[in-house]
Each structure stands twice: as structure tokens, then as C-alpha cells.
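Please find the structures below.
Next come two complexes, and both contain chain A; in the first it sits with chain B, in the second with chain C.
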Partner chain A sequence: MSNLNTKAKELLASNTVKMFIGYEAGPTGLARPAFITDPEQTDRLIFDERCKQNLAVYLTKQEVKEYGKIAIVATLPVMRSLMVLASENQISPENLVVLGISPDGNLLNIADFSLMQTYIEKSDLSNPKGDEEKLAELLKLSPAERFEWWQNELSKCIKCFACRQACPMCYCSRCTIEVNQPQWIPVQANTHGNMDWHILRAMHLAGRCISCGECGRACPVGIPCHLLSMHLSNQVNRQFKVQAGTSDKMASVLSTYDPNDKESFIR
Partner chain B sequence: MSEFEPKVVAFVCNWCTYAGADLTGTSRIKYSSNVRIIRFPCTGRIDFMLLLKAFANGADGIIVSGCHPNDCHYTSGNFHAKRRWIIFRELMDFMGIDMNRITFSWVSAAEGAKWAEVVNTTVARIRELGPYVSYQEMVNKKVEEEIQNE
Partner chain C sequence: MESKLIRKESLEKLYGNLIADRKVYAPVKVSDKIEYRYNPSFREITFDHVRSTLSVKNLVFPKVENVLYFKNSKTESSVNDIDLNRIPEVVLWGAHPCDTAAFDILCSTFCGDIKDEFFSSRLEKLTVIGLSCHKRDDYCFCTSVGLAPDSSMGSDILLTLLENGDYKADLVTDKGSSLAARYPDLFETYSGQKSLVAEIKKKFNLSEVTKKLANAFEHPMWKENSLRCLGCGACAFLCPTCGCFDIQDETHGSTGVRYRSWDSCGFSLFTLHTSGHNPRHVQSQRWRQRIMHKFSYIPGKNGIAGCVGCGRCSSGCPVDMNIDEQLAAMENIN
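And now, the complex of A and B:
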């Protein structure tokens, strides 16, 4: 742990980076993101099992980019997010110092993106067990029951778009939800509009989502919207043998194709 | 009460299926009149949101059709579309939206008879399934009612 603090202090004091993004303890005992620019403040940094938030989301924000070179504490989901963002030219690796961290809080030796890639390839990339169980449970239901279940869940949505804000891959400066000519998504937070919104989000994240589950955690009314993206990640992996966030040179699944893609539904 | 007449919306590409549907007409092949054809430049242009819009506006069934693989006017539009529909179907199925109501097909400009067959079988299937009541009920639900029910 103290490793992290010393390393952060070193980086900031030597002016290698202008800002350090990590976790700190919030007033309610939860972990929250910390944006540290002063080397004297680095003892605020913590890392433990509370630190789940995907910090990669901040790297595409204008007000963070303005700082220039940034250091970030990267758990496995963060590293995979960085891979996707780099492959989509949203971040430049030379402007970034990645402090890889293992789940038990040890700093990893990840000097560049190729070492990060090796680490990711060696890691267990499966979805969290609880989510997989929920997916299996839902897939056992009949389609009509699933429709009912999702309607029930999505009727709670208040369209706050926390799911979008929490997602590192949702970086578009103008989202389809804000387009009103044509009005793709009904403005009201009714079940139909909510369902359209979550379908839209899941489709736009297909093959890019790295299953960190941040959207589900961010939801203030507890909709498990991460299950949609996770299901699609599983399907993309099954159909196209692609796992998002495993390389910084990867093309997005839906913007490429293979003439031999298999399907059985087109007549 | 009059018999249920399905409303089927067909999203077709300009270069193959639309020309194919033209051929069906000029060949004097009779086919079901329940279909409303919407012409697109390419199947790659058909946004999945349009399908949802069609259901929301009262369609009971949908046909999506374009050029056969390797015949795309823009070389790869239909390959991209194919990938998109593979993923889209998985998502729709996961959310419980009835995939029996959407027909995907490749109909070339020379396949006038195939177009008639695709439309007729789709309309017959939708006629059997009946109107898409469960989706319409969701669309017509007002947010006030939802709040009252809680």
C-alpha cells in the first residue's frame, strides 16, 4: 500500500505527471476517486476491496485531459478499458503512466501497453460469478417472461444517464439520446423509452464493453443494466471469438466483418 | 369483428431487394399487400433503432432484406449488416422481444419470385402470431399510470 503512495509522490514531485488519479476514502466510508496534483497530498490515496470504480472514465474528460500527462491506478477492468480507448484513439499511451495494481493491492510492473497486454492475456477475463448466475437464470425464462422482467426493471429508470456517465466507453460528445431530429428515444422516462435507451446503449457497446459492471453499480435505482452488455460480450465472444480490451490494436467488432460470419436466420 | 390484417414494414436496399420487388410487380406475381416497403441505400444503412421505431408505431412484423453476400453495391454493407443483426437478435431475444416477427433475407434483383415468397410466408406467420399486443401495451403505457401503480 505505502508503495502506491511513495510511487505517486515520486511521480508528482519529479513532475513526470501533472495529475494522479487513484482512490481515497470518502466521508461515508466508501472509496471515491481522488485527483491529486500536489505531491504532499498523496497520503490520501488508498487501495482495498472497496476500490471498484472504473477510473478510466475520467481520462476522456476534457477537464482532465487539460492537465497533460496523467498517472492512473489501474485494476484489471481499468487496464482493459485503457486498451479499448487506445484502440479507438481516445487516449495516447505516451501521455499516460499506468500503475497496474493486483486485486490484493500490489503494484505490478507494467511499463508499457505491450506488457499490459501480456498481463491481461494471462488474467481471468470471465464475468463476475454472481452476474453469470443471473444471466443463466434469465436465459432459462421464456421470452415472454423475460420481456415482463425487463419491463419491470426498466420501468424504474429515471433517465439520469448515470450508466452512460460511469462508462469509460461512453465518451461521445454528442450521444444519440440528445438528438431530437429525429427524436430517437422518447423524452419521457416511460418504460418504452427506457427500454429503447438501454437497447441503444447495449448495441453501441457491443464488442467494446469490457464487463466491468460499472453501469449497474452506478444506477441509483438498481437496474442491472450491466447484464445487457455482459450478455452481448458473451455473445460476441461466442460468435466472433473476440474479447474486448485485450489489445490496443483491435478493430471494433461491429465496424469490421468477416465474410465467413456464421448465421442461420437469414433466408 | 373483421379479420386481423398484419402490418408488415419491409426495410430493403435500393440495389437488390427493391429492384427485386419491382421485378415481382413487372412479372405480375401476386403477393400479400400487407407489406409497406421502405427503400434504403444499403442494408448497412438500416439502423437497429428503425426496427424498434417500426414496432413502436404499430408494425406487427418486419422484413429486412438486401443483396446476397458479395453482391453489395458498396462491397461490404451487407457484411456489416449481417454482424449487426447477429448481435441485435441476441440482445432482442435476451430482452424477450419476439424474434419470430422479424424476417431477414437476401433477395437479389433477379429474385422477384423469392420476394413474393418471403413476403407471403412472413405475413402468414404474423397472421398466426396475431397483433404484437405485448409491445403495444408497453408503448401505450403512460408514465403517470406507472407511477400510480407503484
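And now, the complex of A and C:
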């Protein structure tokens, strides 16, 4: 912990970075992102089991980018997000200092993206146990029952787009849902419009989602929408033997062609 | 305002009478969340919750509402209005004072110079049985915006828990009195039994905040405090007083519907012009608008805060934007 604070202070005081993104504790005890520019403020930083939010989302935000070089506290999901963002040319590694951190709060020695890749490859990339159990439970249902279950969950959606906004991979400056000529997706937050929205989002993230669960965590009405993307990530992994966010050179599976791709879907 | 006593058993009878001939919208606990549902059984209703996930504004301002139907042919277009007489009578049961007070604030938006007939028709058909709070949590701040856990604003009848488990029923409006008059056996004489009301400490001084905001448009705090804001609409959609909406036409062949749906000033698209120019092009400007609207513009226009202190924007925010913490800080800015 004190390592993190010292390191942050050093980076800011030496002007190596202009901003440090980590976690702090809010007044109700929740952990939340902290954006620190003053080396004297680094005492605010914390790292413990409350620090779950995927901070990579901020690296593509205009007002954050304007600061210049940034240091970011990176848990495994953040590192995987950085890989995807780098492979999609959304971040420049030279503008970034990544402070890899282990789940128990120890700083990792990750000087560049290739060392980060090695660390990711050695890590356990399986989904959280609770999520896998819920997915298994859902897959046991008949398609009609499963559809009904999702319909019921998604009918609660108020289309606040917290799922999209919290997702590092949802960086489009204009989301398809905001295009209304033509209107691809119904704007209405009714069951039909909600289903369309979440299916669109899941498809767009297939092969890019690193299963951090942030969309589900952000949802103010408690829809486990992360299970949709998680399931598709599992499918992509099964079909193409690829896991998103394991390399900064990897193009998205569903937007590239490979002569060896399966053609079993053609019947 | 007359106060009556309603015993716990009588409350169940009252509820039974109400659901027999109309829609009653009441809070129930679903897993760890509080939701409002139409006509749940009396046993399902919760009486000791702090706040529901969503506010009850959808009763007067639904998340999607059809405004008109249209039909186009090669030579002409025709429009069919919505029949507002079909809006049903609804009783809102057990809403807390912050949520009921919000109807008055929404009214300042919807019932101004131009009366919004959709909103006002729904409000006219609504009878509100409020419930004072005897529980609170760290997100509550109604007392900082001029309300209290037992405010009667917006209620037709306000129920307050008494120490012995019965309820005091304040008959706040004529609507409330006439409802009570229909069930004279259930409403007894109230003789001053002690009530249980949560104690909610003041977190900031509203008039001081409003005064500071008047000169704070260019203050650096907007950016500093909103870097973590994700730009979603959770705060606005959970908020009982946010009334902004978007209007869309949805066409199927030659027929279509025009509807309005909730919108949020936190969205980047909210102020985007057709030219491509966006006067609020970054998130800090949108966050400033949200705060200014509730704590400077509405108080300036109507003399009341545009916020009821329900705490939903903070409790539902994925990144803990914590509004009362920010307002308390604003009280002390230079």
C-alpha cells in the first residue's frame, strides 16, 4: 500500500506523469476512482478488495486525455483492457505508465506492454465463480425459458447506459443507438427496445469483452448484463481459441478473416 | 390539517378496500431491492424500507409515453391524439416524503406557463398516501433541502408510524379527507401518541450553496469533481425531480407514433446541435448543468430547491459521485 503511495508521489513530483489514476475511499466507505495531479494528495490512494472498478475506461475520455501522460493503477482486468485498447489504437503506450497491482495490493514490475502480456498469460483468466455458476444455471434452461428470463431482467432496464459508459471497450464517440437516421435500435426503454440494445451491445463486444463484469456492476437497477458478454466471450474462446485482452497486437476475432476460420455455420 | 389514528389492522382493511376498485402502486421487496408494483398483496408491502431503487415519478412522467399517432399517405397526413380520459385513477401507497414532494417540483417544470396535459392528467388522477420515514441511511439528506422525514408536501394522506405500531394519518388535502371520509370506521381519533420519525442531520446549508453557485460557473471544481463521472444517465433516471425528455417518431410503413422518453443532461448527445457543435462538449459542463439546474436555476425561479434529498443519485451512481458531499464542499468554495 505505502509502495503505491510512494510510487505515485514520485511519478507526480518528478513530472514523469501529469495525472495519477487510482482508487480512494468515498465518504460512505465505497472505493471510487481518484484522479490525482498534486504529489501531496497521493495519501488519498487506497487499494483493497473494494477496488473493483475497471479504471481503463477513463483513458479514452477527452477531459482525462487532455492532462497528457497518465499513470494508472492496473489490476488484471485493467491490464487486459489496456491490451484491447492498444490493439484497437485507442491508447498510446508511450503516454502511459502502468502500475500493475496484484489482488493483495503488491506493485508488480511491469515496465512495458510485453511484460504485461507475459503477466496476463501466466494469470488465471477464468471468470468469477459466481458468474460461471449463474451462466451454467441459465444454460440448463430451455431456449424459451432462457428468453423469458432475459426478457424479465431486461424489462427493468431504464436505458441510462451506465453499462456502456462504464465499459472501457464502449469508447465509440457515437454509439449505434444514438444514430436515428436510420433508427437502428428503438429508443424506447420498453422490453423490445431494451432487448435490442443489450443484444447489440453483447454482439459488439463479442471477442473484445474481457469479462471484467463492470457493466453489471454499474447497472443501477441490478441487471446482470455482464453475463451476456461473458457468455459470448466464452463462445469466442471455444470457437476460435482466443481470449480478448491477452495481446496488444490481436485484432478482434469477429472483424477479421482467417482462411482457417470454421465454416461449420454454413449449412 | 386534521390528524387521525389508523390501527395496523385498519390499515390492512383500508388497503383491501382500495385495491378492490382501483390500481394501487405500492413498494415491495424483491431480493435486495425495493420496487413498486401494482396491487401487491398487503403482506408483500414493505413499511420499513429506506428507498426504492427507482423513484415513483413514472406515475406522472412515464419512462416512455406516447404523445400522438400519425398516418401518412401520398396526399395527406392525419394525426390521432391520445385519449387522456383513459388514464386510470391510481393510488400511490407508502411513498416517502422525498418522493411525494418531488411531484411539486416536477409540477414547476410541467405546469408552468404551458400546462403539460399528459403530466397534469396523470397527476389529477393520482391520490398519494405518503409514509413518513422511521429509517434512514447515509445517502439521505432531505433536511438539507428544506424537507423532513415527515413532510406532508405532495401527500393527500400522510401516515406516520407510532410507537405502538399503529399509524397517525394526517389528512393533508381535500382529496385525502374525502378518501378518509369514505371509511369512517377505519380512521379513529388521534390523541397525540408518540410517533417514530428518523433523525436526519443537515449536511449543507442550501441558501449558502445557492448563493455560492451564482458566481461559480467557471470554477475549477466542476472539472476536478467530475473527472470520474462516466456520463451515464443513472442519476437523472433515478432522480424523482428530473423531468427532461426526448421526443422521437417511430414509423412502421405509413403509420407511426410520436413518443417521449426520459432524457438526461449527463448524456453527450443532450445538447449536440445538428451543425455538430456541442455547447456542453465535455462531461464537467454536463455535471455543472445538473447541479446548477437543481440548486441555482430552480431555486432562482421557484424559490425551492430542485432536489428532495432522496439520495438516489448518490446511491445509484456507479462511481460514487455523492451529491451531498459535493454540495457541502461547494458551500465553502471561494
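Convention: the second predicted complex is superposed on the first by the 264 of 267 C-alpha atoms of A that agree within 3 Å, B and C clash if a C-alpha of one lies under 4 Å from a C-alpha of the other, contacts with A are read in each partner's own complex, and residues count from 1 in each chain.
Following the convention adopted for this analysis, a contact is a pair of C-beta atoms (placed from the backbone, for glycine too) under 8 Å apart; a residue touches a chain by one contact, two chains touch by 3 or more.
What you see is a predicted model; the values in this text were computed from it and never measured.
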Of the two partners chain B and chain C, more of chain A gets touched by chain B
A:L200 in the overlay: touching chain B, chain C, both, or neither? Say first, second, both or neither.
first
Which holds for A:S155: it touches chain B only (first), chain C only (second), both, or neither?
first
With the two structures laid over each other on chain A, which partner does A:F35 touch: chain B (first), chain C (second), both, or neither?
second
Contact-wise, after the overlay, does A:G26 reach chain B, chain C, both or neither (first, second, both, neither)?
second
Which of chain B and chain C A:Q188 touches, first, second, both or neither:
both
With both complexes overlaid on chain A, does A:V253 touch chain B (first), chain C (second), both or neither?
first
Chain A contact set shared between chain B and chain C covers 188-190
Touching chain A in the complex: which residues of chain C?
31, 33, 53-54, 63-64, 138-139, 223-224, 227-228, 230-234, 236-238, 246, 248, 250, 259, 261-262, 264, 267, 269, 281-284, 314, 316-320, 322, 325
Complex contact set, residues of chain B against chain A
48-49, 52-53, 56, 69-70, 76, 79-80, 82-99, 103-106, 118, 134, 138-139, 141-143, 146
Interface with chain C, chain A side, in the complex: residues 26-28, 30, 32-35, 53, 57-58, 61-64, 158-162, 164-166, 178, 180, 183, 186-190, 217-222
Residue set of chain A touching chain B in the complex reads 138-139, 141, 143-151, 155, 176, 184, 188-192, 195-196, 199-200, 202-203, 206-207, 228, 231-232, 235-236, 239-240, 253-259, 261, 263, 265-267
